[in-house]
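Working notes, structure below.
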């Protein structure tokens, strides 16, 4: 079953074509990796899918509904969650409050908050190993802590599609493994995952399928091994 | 929710104290000064709903205040409308003003909203100056009807403004402690993250802008009766814009109590303390207080108190 | 007269409402008894600050004089002064404080109309005596019977009339009116507008310009294109300067026989000095100038003493406009108190209503409503003014009184003629 | 309105617009390029004006005084930014709001300092080009307005060249967009911003001199220029020098034409209505990025 259908998407910034005619299909439950050099349009693609940007042409369908012009927060409520390449914590709020925001606005919309929300938020933080700092300000977290918080918040919307934008950038190899384990666990629960990553080791281990973008176009879309073997991808990555 | 009980109890006590004061305090000046302080409580609280919670700075608070006052004047002139009608109409108009400015600029970076409020202030002032019906640039005398229940209009207005202050604070407090308040804080810290986590940021901002605008109109509506005479220069004074912003910053913007502390402190202490200070130094004191506070106490008095209490957490 | 200019965001100075010490008692000369306290607020900052400061200095000179002479009723006189920062919103509070907390014996109104108007209901309700300090028509609506204005012009209409008399004398047929969009200017321009038909003048231009206009060249060009015989201007200090500059630079045309009227600022030393020869030919209102016909007993001596103290106080060095009248406020109160031996406001008001008050600006009798019975605005024409010379204004013959006839010290000459000669 | 009056109004408006642009240039750098909410900019203009007044007392031409004072203002700007950065920018999230309050405070302090030093009277300066005009055909043009326009051209043109041709200039433009990229270029963003703020403050000496050349100045005058200068900068598109000149001219022409027509008293509403319109339709301004 197709969960996300991206159809012939194009996005321009002034004279610069960030995405040209990009199409992409994601099946429910799939683990999809997206690779490509800096500036190849990966983040732009995500921003279009999540609603932070509106494409000039093309369409996006989520679970059969056309969401191309839908406001970002509405897409979130349909079940699309994301993390940011540079973490964007609510720094003046505690970790619990950070996670409570999506709980109140998506998962338990219309219900009174209070103890139930807090309990659930702490549960999510616990899964990320952030239990002890639950009442600390988000601004005080370390880099890896911030990435985990991003993940906890994203999971709080109870997503069906989770989009991860370089959640492992800047982490040590132990931390990468730790993060991978968490993401695998999420996938195990049936959440579809779309992951952008530069760390090849991680993306190869994680993905069932890999899409490679270059200069705003899809240049490869296959199993990890096949993509790595693709001469075009090799040229992009190894230069030439 | 025990907190609400305590708050309502406190509110009733404050109102009762205000009413009792009008019966036992002989000194009329107390009510003149008290009215001004309470008016600043309303204005600062209103400003903080958008400026403090959501981080969108309104520079034109004076215009919202003055439009509230002039709506009241127009209604008095046209229909001799009672105070309640004036107040409701003023709130409706300034709330709409907040909504309109917000709808136009709240999609953009915060500073564009600030600039738009400056523009709106100039346009409103020019419009009032050219509107002969409410006195235009010459101003107009507004004679208050004999007060009901109280021995003077000022005492009546003092109680009315106490009520307004409590109302404004209750609104601010309920916003702050609700999911709306959490959403506003979230979007203040990161608008994109908030939106991606299901927070309808534009709607929340519009809600805050409308509420804030309406409460500023509330602060201004009784002003003509208090002054007995109103003209654009003093109604649109830069004082209101600066105070509305300075008081929450001095008190602390994170919580509803911050603007109240700031307004009561700055509004009242100034009137009493510096009887012996020559006038230029007035302005100097404001300047120095602003600079010192934002430098030394970034979270305002509230943050200072928390630091003293040794708790690092917010609210 | 009031020159409250409207700021872009209003310019009422800051948050604080702080009283100014300006005048804590100079510990009156070894007087016995509780001092008589006279309360007022007068702008020390904001757009009215310049006039307010010079006015306050005059009052302080009066206080020192009266205390040196033994005080009032054998008691020293003390001024309780607050700065209203040119902000009308502060005056009701300040005056309630003066009445209820400071418990002053006598009240003087703040400088200018805007700041006085909000007080009138309060003063009437408390039935207090109030001496108006350059407020125009402030008592028109309230009709308080214990209000007496020191400003000598009567109603706006009475203030404008002599100017248009001059227009008739010069054979003018058409007029242009240019007024600032602000309180005083609108009042005066309204009166001028109503007077045009009575003097057989046809209105060819009538505009309000917004406060804080920077460049008047477009306006001056438009007026010139209408070829009016008379240009009546009601403006505030900064605008008055800018208008005079534009008129010099661009020219207002040879048709203009009479130019000026109600320009605030052309009484202040700093502006007179820097405008210099650009002033020649302008006919503008005034209250007192050093001309022969205005040699009231004591006024010269006052001006000399004022000028001596003005230098160190950093206020208007000439002091022709407001200061003599603010000194007269003191004399008015002193005469009434001394004559009635009372501080009862009803008694004092009755005395002021029924008797001539002798002051350094002449004898004053009041009409019902509290304005001068015989209004006395004078119109002066700047003649033979040179550049960069403040002292020339201290001598007669430079600001020639051309109206009314009772005080005339020279004939009005056509504007265009005086412009060409310099 | 007769055609020749309209033409004259437009020409006068262009010159006035030059003046508006000149007093906004510094803000265009400080606020438009490096994002400092510099509410005190107009107060510094007034400070510059009084500087020219003070030196004028020694017979120094106001424009020359402006040039002489520029280094002093530049250094003051460096120091002020250093302080601002240490206290606000480095502390993060709330810099905008508290920075705003800080500069409000600074503006008040400058104003009071001027009142204490010079009193509250209106002050003017003398110069050969004040109070005179030259004839352009039938029309007489005040020389001081031409001077203002010339200075505006000089400032906007000079800064435009500086920003696009020099390394530091380009770095200032870059810092506005991408601090990390700048760091990769090997430039310290804080130093670059400090330099830019120094320039922004430096221009206040000359622009302030224009203020007192155009008309009389008193210590509180700055408050009237808060709206005007921010209006120009936003209308221009943040940080664009050609935009600043154009926006100033648009504002000047709009004002001048309305003053010439019936309903002169609506001039401010027209100018700021224009600003609102731009914000609604094209928020990036006329020359925005």
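Each chain gets a letter, A, B, C and D, in the order it is written, and its residues are counted from 1.
Basically, a contact is a pair of C-beta atoms (placed from the backbone, for glycine too) under 8 Å apart; a residue touches a chain by one contact, two chains touch by 3 or more.
Only a predicted model underlies this, so the values are computations on that prediction, with no experimental measurement involved.
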| item | value |
| --- | --- |
| Chain pair, most C-beta pairs within the contact cut-off | B-C |
| Identity of the chain that, by mean CA position, is farthest from chain B | A |
| Euclidean distance of C-alpha centroids - chain A vs chain C, Å | 73 |
| Gap in Å, rounded to a whole number, between the CA centres of chain D and chain A | 45 |
| Between chain B and chain C, centroid-to-centroid distance (C-alpha), Å | 36 |
| Shared-contact residues (touching 2 or more other chains) in chain C | 7-9, 11, 13-14, 44-45, 181, 208, 210 |
| Junction residues of chain B - those touching two or more other chains | 118, 121-122, 125-126, 129-130, 189, 238, 242, 246, 280-281, 283, 286-287 |
| Multi-partner residues of chain D (each touching 2 or more other chains) | 93, 108, 115, 223, 226-227, 265-266, 268 |
| Residues of chain D touching chain C in the complex | 2, 5, 8-9, 12-13, 15-16, 19, 108, 115, 119-126, 130-133, 140-145, 214-216, 218, 220, 223-228, 252, 255-257, 259-260, 262, 264-268 |
| Chain B contact footprint on chain A (complex, rising order) | 50-52, 71-73, 76-77, 81-82, 84, 88-94, 97-98, 100-102, 104-106, 109, 113, 135, 137, 153-154, 156-157 |
| Complex interface listing, chain B residues touching chain C | 27-29, 32-33, 36, 62, 118, 121-122, 125-126, 129-130, 136-139, 141, 143-144, 152, 154, 226-229, 231-239, 241-243, 246, 266-267, 270-271, 274-283, 285-287 |
| Residues of chain D that touch chain B when the two form their complex | 31, 37, 87-88, 91, 93-94, 96-102, 104-109, 111-112, 115-116, 223, 226-227, 230-231, 234, 265-266, 268-269, 271-273, 275-276, 279-280, 283 |
| Complex contacts: residues of chain C adjacent to chain B | 4-22, 24, 44-45, 83, 85, 87-89, 92-93, 96-97, 99-101, 114, 117-118, 120-122, 125, 141-142, 181-183, 185-187, 208, 210 |
